[in-house]
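Below: one structure, written as structure tokens.
So that you can tell them apart, the chains are marked A, B, C and D in the order they are listed, and the count of residues begins at 1 in each.
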Amino acid sequence: MPDVSAPALDDDVLVAVRDLSTRFFTEEGQINAVEGVSFEVRDNEVVGIVGESGSGKSVTALSLIDLVDSPGEITGGEVWYRDAELAEEFAGSDAVVGDHVDLRRVPATVRRSLRGSSFSMIFQDPMSSLNPSVTVGEQIAEAVEVQRRAKGNPRRTRSRTQGYGLGRLLVDAVLPSRSYTDEESHARAIKLLEQVGIPDPAERADEYPHQFSGGMLQRAMIAQALAGEPDVLIADEPTTALDVTIQAQILDILRELQESGETSVVMITHDLGVIARMCDRVGVMYAGEIVERGRLADVFDDPIHPYTQGLLGSVPDLEAPAARLQPIEGNVPSLLDREMPEGCYFADRCPKAMADCRQPVPEYDGDASEEHAVQCVLADREYDPAVALDDTDGVIDDTDSVTDDTDGATDDGVVSGE
Amino acid sequence: MSQGRFIAKRVLQGVGVVWGVVSIVFLLRFITPGSAINAVAPLDADRETRQAIARELGLNQPLHVQYGDYLVSLLQGDMGFSYVRGQEVTTLVFSKLPATVELAVAATVVAIGLSIPLGVVSATRRNQPVDWLATLFSLAGISTPNFWLGIMLILVLAVQLGIFQTSGRAVAAVEVAAAVVGPASFVKTLRLWLAHITLPAVALGTYFTALVTRLTRSGMLDELGKPYVRAARAKGLPEAVVRYKHALRNTLIPVITVLGLQLGTLIGGAVITEAVFSWPGLGTLVIRSINLRDWPVLQGSLIVIGTSFVLVNILVDVVYSSLDPRVVND
Amino acid sequence: MVSDRVRRNLASEFRSSVLAKLGVVLVLLVVFVAIFAPFVAPHNPTTQDLDNAERPPLGIVQTEERTTSEMVDGEVQTVTETVTIRPDAAHPLGTDGLGRDMLSRVIYGARTSLIVGVLGTVLAATVGVPIGLIAGYYRGRIDDGLMRFADVSLAFPSLVLAIALIGLWGRASVAVPDPFVAAGFAQEMPATFVLPGTVIVVVGVVNWVWFARIARGEALSLRDQEYVKAARALGADDGRIIAGHVLPNAITPIIVLGTVQVAAIILLESSLSFLGFSGTTLSWGFDISQGRDYVSSGQWWIAGMPGLAIMVAVIGINLIGDWLRDALDPGIQGEGGA
Amino acid sequence: MSDATSGTEPLVRVRNLEKYYYENDTVIDSLLRRDPESVQAVDGVDLDVRRGETLGLVGESGCGKSTTGETVLRLREPTGGTVTFDGRDLSDLSGEELTAFRERAQIVFQDPFSSLDPRMTVGDIVTEGLRIHDLPADPPPDTSKAAARREQAAELLDRVGLSADQIDRYPHEFSGGQRQRVGIARALALDPEFVVLDEPVSALDVSVQAQILNLLDDLQAEYGLTYLFIAHDLSVVRHVCDRVAVMYLGEIVERGTTADIFESPTHPYTEALLESVPRAEVAEQGRRVDPLAGDVPSPRDPPSGCRFRTRCPEVIPPAGVETDQTDYRAILTLRDRLARGELGLDRFRSEEGDDAAFKRAVREEFGLTGLAGADADTLEDALEILANGRVEATVERLTDRFGSVCETDVPAAHDRGDGQTAACHLYRDDLDESEPAEPSVESALGGVDPDELASGEGS
């Protein structure tokens, strides 16, 4: 577990996550979806989090924007966010260091008020992330409207529902009316649609999500996320459900966004190619932990952790197809607390597992650069076959319980390709 | 397809269903033991008189001819004569229809008005007292036979407390509306109308209130778990807008559909509620026509009930298509 | 056939919901009472005891002005006296207008309702499920035709259609020998049990549509599942696919609908017998209609008790339905109705 | 990847395969005078799969590759064309013969969660084929058929990397990768020669994907299987396939050996596909990619001529048109959207409403400010006609000047050497002087200028 010293946060660090843990308390027991995760997001940078199904990458994203629903709960860690106004508001309390505020120690209403204005999020399947019976333009106008209403008084959520009583709400529930949003936010919504490259934005704004193609709808989602001019845009598998040529369009928009200088992007995906094209720094997640992180070159060119090596070895190379792939044997372990092994969770599948992999493994510094860090003993000493772990035979053992459908961990098991 | 075309399609289907209803009613007559003749002919009538009556009623012609005549007369609005009272079936049935419609509408308004807010509140305040109360009430509501509830209401409210009338229908809703002119008479007629319709409406409406409460509650819980709700919260929308403007709107779609389906249960319930409160509607007419084997009246009532069911279902489709855009602009 | 995942879901849902436990208790009670009626009922439900009529249930004392008039030497003298009628331990739920024991009648009423409910549901399912499966599996014109026919049947409210059919076909009923009495037990109980044949058939006929709709919905979605295509690739013909793959996976929602239907048919049967359309007098609805006249004179229990019995049974079955739906989550909402 | 035995008769020969779906053709629709719309999912596909070879069928979603795979096995009835398996035309087969064919050709599906019947144990799933065909015909002396099948199931499970004692477990007790192994075992049970793999690894994580790909490779070598491998992930296709066919909107646009297709692609769509794929290597960081513009058009009314023309970066301008590719495609996009009636003209009509402002607004919207010479004059006239509302006339004016061969004739499959063919007019030798214009580098906004974007209908 990375040592939690007083956070040395330099100015260009926008968000610093320290030792974040999120757990799900289900009937089958406690599931450690995210455990002791730390990473930083600097100004207009793209930070990548890569991992397979069940690694906890989506839960990390949801924890960042405080959207973990029950039975999940953020049980520990700090989320430092640089916001001069906020720091001044909570000056003097232990939640503030310089301009950075630990969001975990401020009231929940304050965290909620940051949604849309400081943090915003786009999801893997845009079709299910938009309300099917409300027009796309109206939903984007809502995002603009809530920020406009909050401008007056950011902390009090009451301001967001001024002049929008229960009566008007119920009418809205039945008739397609625009009483929550006003003309101005609709004009801005159309502007946003144009900015993300949707043709005929005025006409398309009056259409419904099911009349958009996958690529167009993801652009609309990005437009909606930009409504509040957020500092950090969290993208959870944004292009996984899209075709390659459409994916390239969306990745370009995100790249444009980051180069425009106002927004940093947290890119969460299982696709190593997308990570390579988009990210400056990357963290590799396995079984709820970041097992290796650093600059892109550190992790891709001289990975130390056997899981990272296995991951890179499993990806077929488009330009130089190898005769045979080197897969990682076995299955991802269940994250059930009572079944989690001691020490490194990858030991059972690791070809270079040693006896002292059974004790808790601290995060060592990698040698590729000062940002390169690895949670593996191999960063500290060479592999010594004499002390190899005995039961790491290569046979795929079938006894452990299935990981894909661990209900609770919200990392959806199957990544749909088509 | 535009909304107009969707409704046109539903109307065409409705016409098909009405034609089906009419045909089945026509066929029912042929699977009844002891056909219409002995309902009309005096008991000791000999063969010739029975033959004469058969000829007069046109029963001896081949089936398809009878069917043809039956349809033609139907289109002219003539559904034959009541065996018992010799009265025009059409006028008889349509004179009784308003009472049943009034009762059904009153019950539905009570049901929807109460149950949707109750369902929403119990979904948003899950496992709190209001949720437990709503769940128990709605469970009892759908498990109570409405005629028994009617009798118990009569016992408690009418016999013991003497507030309401237990039978008959003093004044029609339309008269109440007409009486609006003079304030004094309006209050009196309104009170008279309420005194009569409240008990039957509550007895009939309880099952529906309970059913819609359960539907709204489970629908709301279902919608609140969907990804678009989480995405709405992620853009900073206040909880009230997320719940009512987004989640509730999508909850109403399946609720409306089921209401359309459960319409039959409502009309069935009205029939038996009328029997308990001797409410002069179509239901009482149906029961009397069966007991007296007055076949044309029963036939006319079934046709009117079936057709009104189809009309109301088309209305439900119109509401449905304005709520769910996917149905209309594909 | 029932995979252990289904058992596991049912068990975990059962443990966590008190309503599920209540449901199981109630239904077991009603089923037990229905089967072993001859042993459980204190008296023969049909024997009349006129001088013991209208006795209140335990704990309720009934005071009544009785006016008796008699000929005293040529003139008619009317004497009004207040008579108090005490409950009698032999009749815990009191007696009806003809002095018959209410508790025994309620117990035997359970037998009628359950049999009509279950047989009616089974009949509706055997008619509706195959039609729905075929309509959903083959789609196109077959589906169109069958579903328009279903719409037509829906257009007739089941109660109205039922009373029309019963009115036309008559109230034939079948006297079924009571196995226990025939085997020599509880000789004082009625030897045969009257089964309302027409009602069961009619109730089944009017409710087939709900099963057809559910089966069609399932078949429509299951038909495109990849394991169905795989079976076709293995050479399986439509019959084997529908029976071997579509039906087993459609069973769960059909069973949940089944519980809803049993509850709905019990309500329907009691309505029919209340209106006098049932082939048997040993029925809750019939007792309620008998007790109706006594309500105005405050004797509520004659109509009250059978009504409570109906509620207990139907609440229990609905709770079981909820438990199955929550555990197996078949996603059907609000289908089925009286 | 075994080397394909070329020259012999291909195991599977598909000629001019078509599969159309008809929508809204119920009785009610015919009453409403709505002619059934046909969706041409597969429109004239030719394929050859040689014995022991792996033929890749690649394309984006909606291109009809899965429909092709299923229609080849007659899991769907083809609307036209022929499928010949080992010399026999499948459309002649019916009843017994068709069932017999099933033993020789099988399929493995994509989604681990819907390809196995949740109600059946793994053992029953694997042996269902044997039960249908009443195999093994002559079980060993003292064992019943059922026991023999159970034994065979155990062997198959072992062969695909699962342990035999899981035979009585249910699918939900297995991970995604393990379920795909059961699907493969089921396909092998009848000892087929030809297996259609419909996106077998797309739903799996990378590490599990590698395990399955290795398994498929071993099985092909051991049983001499012939694969039709359907996928959208190009790096997987490169690793697995001997030859590849690239599909776009129901048609095959290019085919050839894997090396030719990946190293020297000839069809503009294949080039764009290969360029868009993000490589899992450091060199990928910041690589400038100009993605294809617009969306895949809806198969309900595909573009005329070459279906790729609405997104193609190398549309062939007619003789005498000098504008560069960007402006040229902007003109075509303007013309297409006018022809489809998708362009709302009133937003170009400003308050003072004079035609000059209208024309300027249209030019800005489509980025057509930099034209010169005859092209500029034609555009000027066309906009003039448009200004006074005659849309058809504008479309005609633009078409007869700028109409491209790509929109008039359907491209034939031109042979590019040793079996590589590309359905593209660039390779027609009868087009004399039209040099394929150099594709210009798209603008920084990732080639997404609103003006040159053809808005396909929501697919």
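Assorted remarks:
One rule holds in what follows: contacts are C-beta pairs under 8 Å (C-beta built on N, C-alpha and C of every residue); 3 or more make two chains touch, one makes a residue touch a chain.
This is a predicted model, so every value here is computed, not measured.
Looking at contact counts per chain pair, the maximum sits at A-D. Relative to the C-alpha centre of chain D, the farthest chain centre belongs to C. Note: centroid distance chain A to chain C, computed from Cα atoms, is 54 Å.
Centre-to-centre, using mean CA coordinates, chain A is 32 Å away from chain D. Once the centre of each chain is set as its mean CA position, chain A and chain B turn out to be 52 Å apart. In chain A, the residues that touch at least two other chains are 210-211.
Counting partner chains per residue, chain D shows two or more touched chains at residues 110-111, 172. Looking at chain B, one finds that residues 13 touch two or more other chains. Those residues of chain B that touch chain A in the shared complex are 226-228, 230-238, 240-241, 244-246, 248-250, 252-253, 322-326, 329-330. Those residues of chain A that touch chain D in the complex are listed here as 52-53, 194, 197-200, 202-203, 210-216, 243-249, 251-253, 255-256, 270-277, 279-280, 296-297, 300-301, 310-319, 321-322, 324-329, 331-332, 396, 398, 402-405, 413-418. On the side of chain D, the complex with chain A involves touching residues 60-61, 110-113, 161-163, 166, 172-178, 199, 202-211, 213-214, 217, 232-236, 238-240, 262, 272-274, 276-282, 284-287, 289, 291-293, 295-296, 311, 342-344, 347, 444-450, 453, 455-459. Against chain B, the residues of chain C that register as touching in their complex are 19, 148-149, 151-152, 154-161, 163-170, 263, 267, 270-271, 274-275, 285, 288, 291-292, 295-296, 298, 300, 303-304, 306-307, 310-311, 314-315, 318-319, 333-335, 337-338.
Taken in their complex, chain B has these residues touching chain C: 13, 16-18, 20-21, 24, 28, 31-33, 135, 139-140, 142-145, 147-149, 151-152, 154-155, 159, 211, 214-215, 218-219, 254-255, 258, 261-269, 271-272, 275-276, 286-287, 290-291, 293, 298, 301-302, 305-306, 309-310.
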